[in-house]
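Questions regarding the structure given below will be posed in turn.
For clarity, chains are labelled A, B, C, D and E in written order, and residue numbers in each chain start from 1.
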Amino acid sequence: MLTYLSNPQRFMAFSAWAAPLFFAAAVIALGVGLPWSLVFSPADYQQGETVRIMYVHVPAAWWSMGVFAFMAAASFVGLVWRHALADVAARAAAPIGATLAGLCLITGSLWGAPTWGTWWEWDGRMTSMLVLFVTYLGYIALWSAIEDEEKAARLAAILCLVGAINLPIVHFSVEWWSTLHQPASIVRSGGSAIHPSMLGPLLTMAAGYLFLFGALVMMNMRAAIFRRRVESARARGGEA
Amino acid sequence: MSGSGPFQDKPSLRVESLTLKRGERILVRDLSFVAAPGAFVEVRGGNGAGKTTLLRALAGFLKPSAGRIVFDGAEEPSLTMHYVGHLNALKGGASVRAHLRYWAGLFGVAERDDEALSRLSLAAQADLPARVLSQGQARRLALSRLVIAKRPVWLLDEPAAALDAQGRAVLAALIEAHRADGGVVVAAVHEALGPAPSQTLTVGV
Amino acid sequence: MSGSGPFQDKPSLRVESLTLKRGERILVRDLSFVAAPGAFVEVRGGNGAGKTTLLRALAGFLKPSAGRIVFDGAEEPSLTMHYVGHLNALKGGASVRAHLRYWAGLFGVAERDDEALSRLSLAAQADLPARVLSQGQARRLALSRLVIAKRPVWLLDEPAAALDAQGRAVLAALIEAHRADGGVVVAAVHEALGPAPSQTLTVGV
Amino acid sequence: MSAFVATFKRDVALMWTGGGALAPVGYFLGATMLVPLAMGPDRALLEAAGPPLVWIAAALAVLATLERLFQADLEDGSLEQMLLSPAPLEMLVLAKGLAMWCVVGLPIALAGAPAAIALQAPIELVPAIVLSLALGMAAFIGVGLVGAALTAGVKRGGVLIALIVLPFFAPPIIFGSAVAVGDAVAAALSILAGCALGATALGPIAAAGALRLQAE
Amino acid sequence: MSAFVATFKRDVALMWTGGGALAPVGYFLGATMLVPLAMGPDRALLEAAGPPLVWIAAALAVLATLERLFQADLEDGSLEQMLLSPAPLEMLVLAKGLAMWCVVGLPIALAGAPAAIALQAPIELVPAIVLSLALGMAAFIGVGLVGAALTAGVKRGGVLIALIVLPFFAPPIIFGSAVAVGDAVAAALSILAGCALGATALGPIAAAGALRLQAE
């Protein structure tokens, strides 16, 4: 599948129908998940209605890390096998990942105000999430600062691979520092510790985020490929 | 220069018993000469003789240890001369055309990008960032300042460096046209530029 | 080269259907040639034709889009060739002699400062910091790496830039001696360096 | 187009293609982020000590941006060309400073809002903090121009310029920090405005003098 | 003389003629000096919040020194020559990092003693602080090499490198600050040693990879 898609032509053909399909899937998942989680799911016996922020916050947290892992994998492929499409994919994913990280930070601090009585606290998880967010910014800044695209791609790939060291730190930070933030309760050894009535909407929302990410990445990639084609056409025109 | 006619006031360059030092070394001792309108002064000398030092003094960057440099018949040195040195003064991130526009603003003259581009055969590179230019293309861009700034006195330090045969021909034509308009050219060279000099100064011993 | 005799193994440079791109532009298309021991390959072409690009690819800095570059009869490229490009690789704060010592270490060869200084007529500048060197003196210092590193294949990009007549004569003599020792010289030039080339490549159209 | 406008435009364009405000603002936010990392999660301590440190981060961010300002111009020959312009060098330096304030100073001042909140400044002080940072940036840049000009010829001048400039950063930092903790805000703001004016007026003159010597 | 030794010697000599440790140490002390200025004269506050800030000053001082490390080599052609050496580029990068640690890192660690005392650290912790800074500097430099290599081609890369590198500075700062306040000193020191080792081992490899691309 991946080697099949590594050809830009085939990718364009594939994404021409896959991107709308993902988008439709995202609309359905979010269309079900949003009302389910924000209106119909039960309020928490401790936190009351504010628990609903979770359905936005937790998938954003998961996928902001997931997107970075995706970028790291794409960077590795781009660096080792020199697949131009992998570079394009990594670049296309970065702003989405940064947005998700930002969303996680914002919803987290919105959630923190009623539950912990503070907007922001420098505990391990929040700090390491902020670090991840800054890493995203650095990655994007490096891309935009280097004009030669091919060079920028490979340099950014090196940064991304080095930055991936951060991911386990974000995930395990809660255990290492053990402060305010909730430890992992869903993805952990020994089974999930969350009530099924909340798990349903949460997983639906997570799926919705994933489909949306897929659609947006493909759209960003298509735009980048189109732009590159226009540029190379112009360069050939200039040569003649 | 094409399309704009000869200079109104034709300044000449007068140098009186000039002495220049770098560190403790005296490079130019008691040099005097006059370059009248239309003059082409060739500055000769081996590596390290002091050609660059002399030109930088004429451009006003370097204070002479003794002697004077005067532009007769000119209001202000900055409106009178232009200097193209070893350094091309390019910014890698800016396009060729952006450089020409900036220089027009900096020197307070009208924008004439297209004329400059075609004179120096840089039209195909107009939108490239300076970073990707070849050595000779960068040199052409630096020389295009002469077309843009349009000052009567030109101070050129190895202007033909990195130019190919076509580039040297362009440079020779620019110099000839400039002299015909009543301009003055002072150029440090290792090899003749083409136009016959009206005067040759040799620095160093 | 004086005092050290011809090279043990005499590698030759073989280029097979090389294609080089910068940005989207193809500069060298399907180029093949062989430079046997003693060869002097002159690379010609106008400004921006791709001479520098070709030499940087031969030096291994630039990955070819297609084709191969092989040093036949050599253990390792880094022990086989040396490159002197447009940039002189000098540090303003270090003295001329400090550069020579550093290069000897960097290239893993014996120190021979005095030989290099006298070959390039830089003895008087030995203790000056590179910052104060004139353009031509700086170029001589860069060329002195050829004497220091003593590699069999030389890749030279406009080596005579900024040199005076004496400097060009020195360069010509270096090249002749190198060829006599069985070395290979590939040089991009706008004007003949002196020694008759055994082969001329023209890049660009 | 006057030389002033041309210089301003070029510098804005060059900074913009070089990544714009993203990097300086990132530096600023990154440096503020380090503060709580270093001080640990003690909330009360951070509340007391945090907000003034926004000013230190801002000072260091602008410093990091300043240092290559004239060094690049000196090395590539652009400075020589600026000297050949009929416009006085002081004007051109002012244009460069202004460009830097627009592309770097103002965004950092705005980023001061989230930074101050993260360092536990009272929310009602945030507008005053942003305003004070905007003024302080002008003062920093005015002084910084002189430092950048003095060190333009020095390789690795980055730390040297800091050494030269930091003492002059002290007054804006002192009064700016007063704003950040809500101490005599109006008075501090007017003093900051004075610093900004003074530095903007005198900085380019001193910087131009230093640059003329650098070109020799 | 091996290429490693030659590179080390040259870099030490160049940094030395460029002012040596004077400027980075001055930057470091200058930045620590700004802290009491910003925080005001409250002694108790300074005692609580001050010592960890030594680490921020140290991180920023090394950052300011790092940024031109490879940029100069790229611009003047020295990088091409390093690539022509028979020695692997990784070794040469390591030599440059080591030189920087000797000329800049170690002096800053030593200057950490007066700085920590000025920021009211308990006197008996000073040896541990100096040791921790020496280790932390190695970690900073190892990571910084990668940042410097990634941004070598970027004009005004100074702030970009900071943005890239600061997230990786977080762990040493967290554990270093723990040492500065006397928190589980032995454990923190061993984690710092781990950071230093990891960064020194991996930094040059990633940096060399980036530099090869820069030379294209």
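As a convention for this text, a residue touches a chain if its C-beta (ideal position, glycine included) is under 8 Å from a C-beta of that chain, and two chains touch if they have at least 3 such contacts.
If you're wondering where the values come from, they're calculated on a predicted model, not measured in any experiment.
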Pair exhibiting more inter-chain C-beta contacts, B-D or A-B: B-D
Per Cα centroids, the chain farthest from subunit A: B
Separation of mean Cα positions, subunit C and subunit A [Å, integer]: 49
Distance from subunit D to subunit B - Cα centre to Cα centre, in angstrom: 37
Between subunit D and subunit C, distance of the C-alpha-averaged centres to the nearest whole Å: 45
Inter-chain centre distance, subunit A versus subunit B - centres from mean C-alpha coordinates, in Å: 56
Multi-partner residues of subunit A (at least 2 other chains): 127, 131, 134, 137-138, 141, 145, 147, 239
Residues of subunit B engaged with two or more neighbouring chains: 86, 91, 93
Multi-chain contact residues (two or more partners), subunit D: 14, 17-19, 22-23, 26, 30, 33, 37, 40, 72, 75, 155
Subunit B residues touching subunit A - in the complex, by the definition given at the top: 93, 124, 127, 129, 131
Subunit D contact footprint on subunit A (complex, rising order): 118-123, 127, 130-131, 134, 137-138, 140-141, 144-145, 147, 179
Residues of subunit A that touch subunit B when the two form their complex: 147, 238-239
Partner subunit D, residues of subunit E touching it in the complex: 14-15, 18-19, 22-24, 26-27, 30-31, 33-35, 37-40, 42, 45, 48-49, 52-53, 55-56, 59-61, 63-65, 67-68, 72, 75, 154-156, 158-160, 162-163, 166-167, 169-170, 173-174, 176-178, 180-181, 183
In the complex, subunit D residues that touch subunit B: 1-3, 5-7, 9-10, 13-14, 17-18, 72, 75-78, 80-87, 92, 215-216
